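First chain A sits with chain B, and in the next complex the same chain sits with chain C.
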Partner chain A sequence: MSVDCGILCSKIILEHFGGVVKTVAHDLFKVSSKTLSNIVATTKLQRSQVIECLRILVRYGLVTYKVSLQNPKIPEYSLSYEKVLLFPRYVRYMLLVKTLYGDEAELLIEELLRSGSEKASSIIVRATTRLKEIKKEEKNVSLNIVRDKLILLMNKQFVMRCPEPLPGCKEIPQLIIKQEDLFMSPSLSLKELTQMEEGHPEVPANDVTLRVNFDRFHQEFRDNIMISAIKRRIDDNAGELMRVILQQMYIRTEAWEPISNPIPVVEIRNAVHKVKTNPRLAQHLDQYLKVLDEDSSNFITKVADSGGGQYVVNIREAFIQLSWAAVENIVEERFGSKAARVFRLIKSKHFIEQEQIQQYALIPAKEAKLITYRLLEECFIQIQELRKSMSSAGPNKTFFLFHIDIDQVVKKCLEICYKALTNSMVRRQHERDEHKRLIEKQQRIESLTANLREQGAPADQIDELEELLTPLENEALERVRIMIARLGEAELRVDDNMFLLQLYLMYSNCK
Partner chain B sequence: MSAADKGASTSQDSSSSDFEHRIIALGQSHPNGISDKDMAKEIPELPAAQRAVIINKLLAQGYIDLFNQGGVLIYKIRSAKANVIKGGDNEERIVFSIIEEAGNKGIWMRDIRTKSNLSANQLNKVLKILENKKMIKAVKSVAASKKKVYMLFHLDPDSSITGGAWYCNEDFEAEFVDILHQQCLKYLKQKWESAKEKEPDPIAAKNFSYASAQDVWKYIDDLGISKVKLSEHDVETILNTLVYDARAERNVTIDETVLFRYVEPLLSVVGLTQFPCGICPVLFRCSISGMVRPATCTYLTSWLQEYIDSA
Partner chain C sequence: MAGRGRGGGGRGRGRGAMSFNVEQLGFGAGEALPGPVLQPPPLYPPLERRPVPLKSGSEVEYLLALKRDYVEFLKYSPAYVLPAAKVKDIERYSDYKNVETPNKNGALDYDWKRFPMELRPVASVVKKKRPPPPPQIKGKSSKKVRFAEDVSTKLDELEKLEEQGDVEEKSEENKEEEKEEGEQQEGELEEEEDQDEEMDDGTDYVNNYFDNGESYLDEEDDNLDDGPVY
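Let's look at the complex of A and B:
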């Protein structure tokens, strides 16, 4: 929680929900929790407006409420800013689902993300309608397939049920759901769904409210990061082995444990033999396991020899290593490769004096000093004064040792990420505003031509209309399009970075 | 020495030179010095008066030194090297011995002054005389370019003074180090690549990609890029910097040979650094409104322009 983070949250909410909701969200960001009348007082909005905003935010899971300690009859609202920061990642969620389960699943997730939380039936119906629009030629789009996809997504835990209010509740409803019900798919009959599609207003009997299970997506992202790191470090076969090990890990271990429970080699071997695509891995399995175990990245460790050996996955350790790599990379790009060398040197020596730095890093004294002090200035390294306790006099008895507080540095890098994301969004909006007139003109012309085409107007009339946009204007529009696309792409990359650092903080807190 | 003593000593010339040798031999067998009493015990046939004459003579010639140790006078034989100083006066002798003590690490002028109790002017004169006689030399230290240290003329300065192979006249040779750095990296990387190609077995491939400091040293030596003769230790220092660059991994075998191998970093690129803000030098002065702001940022503009041009 920092000023930069607050600005980013505001920007995101502004982009997705508009100005009024942003005001409320920003007001909530500043405090841990607040009652409705307090929000009205500070934002100077109308009570009904604030209620509407809160309703939207609660629906998206961005705001939660609990009973106020002072007065048990009124709720206090608080903003979960971590959830707001997930918005830039939505594209990646959709992409992941698309690669895993196809177009239907992507549309389902998209609809669900767009509405925050929604009844299962209406999600299915809306996704089907859109799918029919996209795939006009293909006839095989049916409610049946889409419904099965949703059930599959629930079985795979990508989608889960929302908690529901306890029946017979007082003023403030308590939302509760049983753990075993969380991923139970609703039994929706095709007949009811078809009726809904045809426009009948009544809601199916067994309907439930659904939302996206972000953790499950994050788990998938996390595994992919680990696999691709191993691929880079050793080779593709080792990456494949890592994937198999992670799959085996889930049989015995909760997804977010810092260290997995032991996995017997026998199970890994069986799993590898089942995946027939990789004969070389199956042939050298033991060697690959040994190489993975011995590698300095420490992703897996052998813990016991019983039953042919047992391995554990050190997820926490892996993300400590990966975050170090990320931070080192940031230092390298920001300050140059010599600075990265100094940074890693300090890391490996833990505490080190200035003179030793230049000696070990083989950097000229002056340059080494410059680099060290710049790193210190930007808080990538810290300084520790060490006075010799016996002598009281003389500054020459003090040692200045440099060291790294990685938690601090990771937080610092996260701040940079927040700022970068904000800047990209602001720039994107700026480009859009700059060319507002042009973009609007293009949209008008497009809608006009579409109308004319439907009416069956002659081709030369349409061409004439299209020529209202001069080649220069077209070029400018194309430039804006490219720029916005590039910024969007960069935002995804920065978010990727942010994800890694956030995971580090999560794991370093759970000791 | 009085004239009467001199007359007496000439009459017993042959025996006195014989005693002289015995006293010197005695001094050499007692490097920590020998007191007058001990000397009398060792050479009882030498009368005290004659002993005093011989010792005075030796002192004047600079063969022995006289020390006062806890109220007892002690004679010490002076080392052979110190004989160089023969012609000099007392100050020179003292300064010389202080410098001699410092060995090849050298000694700073201020330290000589405090040890010798000489004034700055006097010391300067003495040092100049000694330098002209080629008995001592001044060496510039790499640690502080203005700091001169003195040491005996024939000594090779310690690597902490010269900085080792990486320094040429107290200047750090950054380019030389960089070239060696690149060559070492190239060697390790080639080894890693060929290991990956040739060996189907991952463990064998890993073991094959290791290179000891000696292997790399030989490779560098064969290349002949270095004017200076590098030691294996120097190459190891370079290889260590590769480890700090995260381009190599260090491993020590059971028989304590240090091995290095090339490694790929865990992450290829970090998204943040591909965006201008990730590497922006004025990021912390940037805000939504103000002089530095994303809407008009030149870094962002040129980054976007670059992309438009390439598209």
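Let's look at the complex of A and C:
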């Protein structure tokens, strides 16, 4: 909830929903909650437009409403900015589902993300029609398969039901859903779905409104981060072992617990033997477990020897370690390797004086001071004053101790990420605006040539059209395309970082 | 340490009023302190170190394509709220280029049960109250009617003005030519009677404009005689 975060939210909403919705969302960002007439008053938009914007924001789950405390007949709206920040990650969700469950699942998730929240039947029908367009040659696309994929996604908790309104409340619906109903798949008959596909407007009887369960995706990302970290630190087999351990963990542990319940070695061994892809891992399982246990990253620890040994997964500890590593890397890339050395030194000594820094880090006094103050100025290290006020006579000595408050530093890094993401988006838009004329020309020519090709026009005619873009223009277009792609890629990377840091903050808050 | 700078402006050290020992910061006895910073930091600070190159691959390409599709879809969907159309002063040629992007991607169907009352489409009643823009053909006829009205009111006004002018002129004439006083009065009376008749008819078709016109023309003739001939 900082200025940078607000600007980033505005930019994201502007890119996806246009300027009017942005105005409303930004207005809501500034306060905890607001009534409709207040929004109309401050934004100076037409009431009907504000209503339209609110409908869309509520539909995409970005705005929630609750009964106003002053007037029980009026709802107050509030923006959940953390949902807005998920937009750059949407493509990751689609890709994850694609790798796990195939194209049908990807299209289902994409349709669901496109419409925010939608009826199960229309999601299935739309995904099927799009699938048929994409895979014209393959005949095995049917409503049946897509429906089963949706049910699978619900069973795996990637998709969940929206809460339903209580029957009593008319003015302001109270949305409530029981925990056990959340992932219950609707029973949709094929007959009704086929009727819908053929254009009959009736809605199937057992239809429910669905939305994407972001937490489940984040859980998957989190596991992937841990696995790839182990892979980089030890080797592929260890990574595979980590994957198996995490799978076993979910049998007894809630997904977001900071520390898992103990997992017996026997179960891990059985699971490893079932995965027959790497025999080396099965052969050296005990050694791998020992290496993982003794590693300084503390991902798993042995807690008991009974039954051949029991291990727990320290998820919170893992993310503290990963965040430290990320922050150290950020310091290294921003301020150089000497600054990184100072930073690591302060980390290992916890509290340290200026003189000691230059001694231990083996950096000349003046440079060490420069680096330390630079880090202090940029909020990567903090200062603690310690006064010795015991002696009344003579000058009392004051110690200035440098230390690292990792929570603060992580928050600072998050702010940097917000800023970077905003900058990248602004720059991308700027590039696009600068070359708007060229891009439009290219699009026109492309659509024209595509039309001609469909009509079977001669090749020289098409070539003539394509030559309307001079080589210089083509060069410029290519440059812009690469630039925009690179910026987009940078945004994805920044978002990865943000995800890690957000996870750290979540775990450090739930002690 | 605290008392040092207070009394004589750093008499002991000659270093200005600092509440702490400057040497702690690493400045030697003879060194000059850096001057105060008077400018805000630059908006685009120079990059000290080049960032690590991104390693792009087919995965990133695919993600970017997905993202482009997603943004494009939303842009042409009803979720992309366009600003309310501005009232145009005149039609411009450039308008045809800035045609608002139509919502190609179908309508969003809402489940109104889950929205508060004030967001439900009851609000569209308010919209209907606004008068619908008249169709093209009607617009023309209404324009015509308005035009006709304009003309008649304009004529009325002119007529009144002329009447006043007549009266004034006539009073002047009265002063000059007292002989014809009686006739004039009669004429005025006649005019009043004429007006009454016309009011009764309810039409301002044959206004006394033309009646007055005779005398007016006469005067004009006089004027013409007096005035220069072009």
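Assume the second predicted complex is superposed on the first by the 498 of 511 C-alpha atoms of A that agree within 3 Å, B and C clash if a C-alpha of one lies under 4 Å from a C-alpha of the other, contacts with A are read in each partner's own complex, and residues count from 1 in each chain.
Just so we're on the same page, a contact is a pair of C-beta atoms (placed from the backbone, for glycine too) under 8 Å apart; a residue touches a chain by one contact, two chains touch by 3 or more.
This one's a predicted model, so the numbers in the text were calculated from it and none came from an experiment.
Applying the stated contact rule after C-alpha superposition, one finds that A:Y360 touches chain B and leaves chain C untouched. Once the two complexes are overlaid on the shared chain, A:A490 sits against chain B and chain C alike. When the two complexes are overlaid on their common chain A, residue A:L322 makes contact with chain B while staying clear of chain C. When both complexes are overlaid on chain A, the residue A:R334 reaches chain B and chain C alike. Judged by the touch definition given at the top, the superposed model places A:R479 against chain B, while chain C stays out of reach. By the touch criterion defined above, A:N224 lies against neither chain B nor chain C after alignment on the C-alpha atoms of chain A.
When both complexes are overlaid on chain A, the residue A:N206 reaches neither chain B nor chain C.
When both complexes are overlaid on chain A, the residue A:R233 reaches chain B alone and has no touch with chain C. Within the superposed three-chain model, A:I7 lies in touch with chain B and out of touch with chain C [touch as defined at top].
Shared interface residues of chain A (contacting chain B in one complex, chain C in the other): 333-334, 365, 486, 490, 492-493.
Residues 15-21, 36, 45-49, 51-56, 58-60, 65, 74-75, 90-92, 94-95, 110, 113-116, 119, 122, 162-165, 170-173, 175, 209, 333-336, 365-366, 369, 395, 485-486, 488-490, 492-493 of chain A are the ones touching chain C in the complex.
Here chain A touches chain B in the complex through residues 7, 229, 232-235, 237-238, 280, 284, 287-288, 290-291, 294, 296-297, 321-322, 325-326, 328-330, 332-334, 337, 340-342, 344-345, 348, 355, 360-365, 367, 413, 416-417, 419-420, 422-424, 426-427, 430, 479, 482-483, 486-487, 490, 492-497, going by the rule given at the top.
Residue ranges of chain B in contact with chain A, taken from their complex: 142-143, 166, 172, 174, 177, 181, 196, 200-203, 206, 237-238, 240-241, 243-246, 249, 263-275, 277-279, 283, 286, 288, 293-295, 297, 300, 304, 307-308, 311. The part of chain C that touches chain A in the complex is made up of residues 1, 25-26, 48-49, 51-52, 54, 56, 59-64, 66-67, 70-71, 73-75, 77-84, 108-111, 113-119, 123, 126-127.
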